[in-house]
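Structures given as structure tokens follow.
In the two complexes that follow, chain A is the common piece, with chain B as its partner first and chain C second.
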Partner chain A sequence: MSDTKTIEGVTDAINREAVQARTAGEPAWLASRRMHAWEVYEDTPMPTTRLEEWRYTDLTEKLLLDSLHLGSVEARPDDPSTFPAGLRQAMDEDREASGHLVLIDGAVVHTDIREDLSGKGVILCSLREAVEKHPELVETHLATAAVPPEEGKFQALNAALWTDGVFFYVPRGVRLDLPVRVTRWISESGAAFFSRTLIVAEPTSQVSYVDEILSDDLAAQTLTSSAVEVITQDGAQVQYVAVQRMGRNAFYLSQQRTLAYRDSTLDTLNVNLGGSVTRVDLNARLMGPGANSDMLGLYFGDADQHFDHNTSQDHVAGHANSDLLYKGALDEGSRAVFRGVIRVHEGAQQTDAYQTNRNLLLSDEARADSLPNLEIAADDVKCSHGATVGQLDEESLFYLMSRGLPQAKAERLVVLGFLGEVLSRLPLGGVQEKVTRAIEEKLASHG
Partner chain B sequence: MSGTPILKIRNLQAKVADEDLQILNGLDLELNSGEIHAIMGPNGSGKSTLAKVLMGHPGYEVTAGSVDFNGEEVLEMEPDERSQAGMFLAFQYPVEIPGVSIANFLRTAVQAHQGEEELDLFEFQDLLMEKMALLEMDPAFAERPVNDGFSGGEKKRNEILQMAVLQPSLALMDETDSGLDIDALQVVSNGVNKLREENPDMTVLLITHYQRLLNYIKPDHVHVMVDGKIVQSGGPEVALQLEEEGYKSWREIEAAQAD
Partner chain C sequence: MPKNEVIQGLDLDTYKYGFVDEEKHVFRTRPGLDEDVVRQISAHKDEPQWMLDFRLKALKIYESKPMPKWGGDLTHLQDTLEEIYFYVKPQDKMEHSWDDVPEDIKNTFERLGIPEAEQKILAGVGAQYESEMVYHSLKEEWEAKGVIFDSIEDGLRNHPELFRKYFGTVIPTADNKFSAMNSAVWSGGSFVYIPPGVELDTPLQAYFRVNQERMGQFERTLIIAGEGSRAHYIEGCTAPVYSTESFHSGVIEIVVEKDAHFRYTTIQNWSNNMYNLVTQRALVHENATMEWLDGNLGSKLTMKYPSCYLVGEGAHGNILSIAYAGDGQHQDTGGKVVHAAPRTTSSIVSKSISKGTGRASYRGLLKVHDGATGAKSNVECDALLINETAKTDTYPYIEIDEKTASIGHEATVSKVGDEQLFYLMSRGMSEEEAMAMIVRGFIEPIAKELPLEYAVELNRLIELEMEGSVG
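Right after this comes the complex of A and B.
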């Protein structure tokens, strides 16, 4: 493995010099976007628990920003035999795909895409490569309408410091029958990684995309900041799935914005099982009439894991649907926060928007807070929200045990069933099985 | 073999676990292998509580008495151990388990009954399909989540499906007939009778309010339960008599006792 850094002379502290170093060799438009983002970052105060959106996640306690260094950007060989075992195992389960992309510590080490698809103009490549080879596509979409730096402090930090990421582009009318699979592995403890994902589905195209991030347990806090932009143009259909199965000490920060234009379908699934702290900001924007977004989420915590999901369903246009279901089970001393808002913009009549968050507490120490919200500026809409926090029900356990299931098995079955409802709403090749297996492993480890 | 005692309940007393509410007040009952018994009694007399206590529901505390099942004291056993020992309770109000399919649930249950020995999935599938056919159930039902969104009748039929798959030696059926239409009642009763043909040692304790079930599944003994005790036992004629007269006479005795 080579030790040379692809960016010469980069300091590894998070500062203006680091951003400047990133701009070396980049086109002017990108360099100026980075510097602008850095300014937004500096001008935005660090969020505190006084802000509604950060009320239950205290960053002064949870995020050790000063002790993090920027992850080294090493060029690594595209040689699976040198990959960590956990990464290879995850990749082995993903043979059925339209294409693959693998990142280790934020750097793309492998890409493949089926030839017939690249022949039709489908692009799956590293974002750096896309900046060079497809600047017009990247410039149009990157960090503009989706996940702009103005969205928040960390969105700005990511836009300033991202090293690499994924670019996935599907031209008009092209349909992929199998998902594209991205697998990320993080190994450098104490580092901060910034990556971006840009997915553009042109009109009437059809794709599914599964992004999995993994690591072993890490010795010190390690930050992965990921900004995701999904753009679904008129009549296109996109399924976006993100699965986080990192080890202890991982701080996972994922900031996603989805844009669904006229008559398009843009479904998302966020699965969070690992990491010490998880924060997902998902802003789903329904931009055109007939747009439809199913927003699914699943989390399962133990030990002192902390999950914070902050979602918004922005109905910019009328005659669109969004339906959110986030479900989580919490064992031991784990904790979850869900904050969701349905925002119906002025004039967005005939909106159908639903939001449900359900939590199952498996121990007396576990805790869940759910804060559903409605902001409605139109009068002809159907909106509902609901949240529940419940415990394992004695009657259910007795019922299952009366059929011969020992208590631990009965509990597992109830939890799997509870979470499984989410997975069954997005039946995508292999995802259901893989996530179910991961949940089962986690349940089994509790004995 | 018929005639050997399978269940002996002696002076069973039970209360609600975290309340000062006594429900079973010294109940005695003895069932022999292969027999069919029916318990009838007014609402709230404790019939379901008896069934749940026999199955080990944690919401009730046994304050006195013993329950001997095939020579073993079951009051010491967990519900799953009772099931594995051959007891089964068809619930009056079956519980919904969202997200868990009937097939998955029953596979896990049968595996638990088998212990170490790995379940043959093909054999299980055959068994499940055979029992679903017996109860005239659509095979697609196997993939539906347990009781979730089922009609009252579907829930009851699903209870008997589970019973048919697990093949208990003692079946406690708590108001399986309520919620079933006439055709469904016939199908379910035929199913139960078929199971008894296959296994003549299977003992059945029916809890019901209606003679109409007893026309299909014919009891050897009928017991009347009032206020947490068996107050009368006899043959099938007891049920017919109750159908005529109701529980009025028992209520009068109770009222007299209370004075």
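Right after this comes the complex of A and C.
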């Protein structure tokens, strides 16, 4: 009998040596965190469908870990004329902003921030740069309270192997009137990319942050693992928006945790239109009384796209509110999974927490699974959840057609109206228009 | 029996069925479960070879399946299972006349109100004591119409073809660990056959009683409701309060043929040391209706999800579930509906109340298969929390593979509103009365579906439980 037990998820590319290579030139605290995260990764079994959280997404079938190589870490020159057309177009739409950051294949190629803001101490830079220039801030917050490696196999893998990402810091009382826009482009087919985003909003600051990830269709499965940590301190207001419009063969894995402290507002919007497989883990933690979190989500699938949203609303403190609305439309053979849990911790009295998931099935082959859960350990609470699955509303269709619209167009309008409800709840300059346009394009391609 | 009086006196306020009778039995297996125990059970029942083979195969499946890790806390169950008696035979033969039932068993059931109930209105009554049905009777007019209401053992003995045609077809042995266990050691339960077109205007009723300490009860019920028939079956469960844990694991299979209408009502009021792990499932054919009315008030841990498999076009499933979790109790209950045919409809309504350290969990599955066009379903779960240590969870699974399906699920969790309390108290009620009235109002949609004596009992219990719950 052989005693060399194979460790799940260790491949020719993803292994201890690769993590060690990442630590070269890094401060000791970071190197040891990477190695610790790797140990957690090794010790954590590969999630299977026997785990509740992965019940409807079979990784053994969907994720070709063995075939992936690690993406290159070389940054391209900051020359927009050499950027891919799709990236340039997305950037053109985002002129109005407090600052920009562009990543290509996981490496930061461009950063700008308005001078008046940097003068006030706002930092928008690559995470690598932040490790060097602002080590005290990064060391305190990175992969500690928000997305620690112990959270799961892939959270651990990201913490071990991340190459770069975004650090965004807003000091006490600073308010940004325009969003910060981050655009990521993935082009290297067959690679695995690991990036992190760390957002720290100090007390009473106010910001919005739009993160868009794009690619063309890719020849082979390409993994993008993204860990997002949003820390909203007392009385701060943060809007975090993630838009994913990748091409075929993209496996998009986004693991987000938001911490909302006393009297803060932390709203999130996750829009997923592209990719072959999308998995979003969003854990919103209400850490202080008076905290408020609106959690919005929107997905629209076709072909054999697979979306899996796994959300949790953790009411650690009482007197806080959270309200979740995820809506999706599914065409052709696409499939969506929504699993959401409201967890009211012991003593979190006066919690108001709501959760709604609505799915529209547009084809016979589409499938939607919805698991809205409640776990309540306090009695003075108002909690509810609702889930629906249905087809297009016949009456709305009939009305539009009676006004002379052809059926295909009427259907498109009804779908747009259905999904549009989510966007109207987070009116943010440019985002609504951009996402609506993307949905329209996708709808039009079906005729 | 003075011992009974003492215990009854002590427990009257909390659990009035907690009295104990002297343990008497003509035979029991040794504690624990193995092949010998299964062979002994089968031999005592003088079963045909196929049933012994069925049991032995089930035992293998049971042993091969891991203990479930979801639902309630089963970590100590394995120890309990090694100590309990899987089969306890209380008397030699089943009686059909109440007068012939042994005195002490009769006393027990009289305290539970069985002969009374029978005299009143029921079409038939069965009573199970430990592992065997001790009494079964059916009114002559129904017998004349071909209705069969018998112990499951007599069903196998007297109607072998009908029995074998349906037994184990609705719930396969390997469905889950406890259905496999039940298939290996089942004893007692009812065999019911309602011929086509026969409509019973009064319910059939079965009582289950566990008296022996460290006892496992494994009733198995098989019901066939023929085409166009209509009937209602009620089961009630109680047990004494012992310091050690007992175990009850039933398997209830129901076939509802075309156009038939069947209702199955359970009022489970086991003592608070009972594990109650039950598999209940109905196969519902064309245009037929199955209704589960499931009341879970007792037990330490209940895991029970009555289910409807809607396999015929236009079939309808209805599940009403009420759970009460008091101190130390965990009710992990809910319902399952599988839509496997066009134009099938279903509704699940669940109400739960958690008090003290109690925990009520709703767990449900709603599945619409591809091709079940126009399926419609609605699920509503409401949970009421009485104080701050109480817990409640909701775990619905919704799996939709059909575009034309229309599915809705809603759940709410709330506590008794201060405004409601204030209003009632301003009308002159004490806080406790007001609380009890609000809780009664909360469960009313389900209580009103219960037969009168159960509805009264449920309301009385809620009142008792609400005493001292304020402040």
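Operating definition for what follows: the second predicted complex is superposed on the first by the 435 of 447 C-alpha atoms of A that agree within 3 Å, B and C clash if a C-alpha of one lies under 4 Å from a C-alpha of the other, contacts with A are read in each partner's own complex, and residues count from 1 in each chain.
As a convention for this text, a contact is a pair of C-beta atoms (placed from the backbone, for glycine too) under 8 Å apart; a residue touches a chain by one contact, two chains touch by 3 or more.
Since we're looking at a predicted model, the values are computed, not measured.
With chain A as the common reference, chain B sits beside chain C without any clash.
Of the two partner chains, chain C is the only one touched by A:Ala387; chain B is not. Which of chain B and chain C touches more residues of chain A: that partner is C.
Contacts of A:Asp79 after superposition on the shared chain: neither chain B nor chain C is touched. By the touch criterion defined above, A:Glu115 lies against neither chain B nor chain C after alignment on the C-alpha atoms of chain A.
Judged by the touch definition given at the top, the superposed model places A:Glu61 against neither chain B nor chain C.
In the superposition on chain A, A:Asp369 contacts chain C only, with no contact to chain B. For the superposed model, the angle subtended at the Cα centre of chain A by chain B and chain C works out to 70 degrees in steps of 10.
In the superposition on chain A, A:Asp92 contacts neither chain B nor chain C. Superposition on the common chain A brings chain B within a closest Cα-Cα distance of 12 Å of chain C.
Across the interface of their complex, chain B is touched by residues 393-396, 398-407, 409-410, 413-414, 416-421, 424 of chain A. Chain C makes touch with chain A in their complex at residues 70, 368, 370, 383, 385-388, 390-415.
Within the complex formed with chain C, the residues of chain A that make contact are 52, 347, 349, 359, 361-364, 366-391. Listing the residues of chain B that touch chain A in their complex gives 52, 55-59, 78-80, 82-84, 88-89, 91, 94-95, 97-100, 104-106, 108-109, 112-113, 145, 162, 166.
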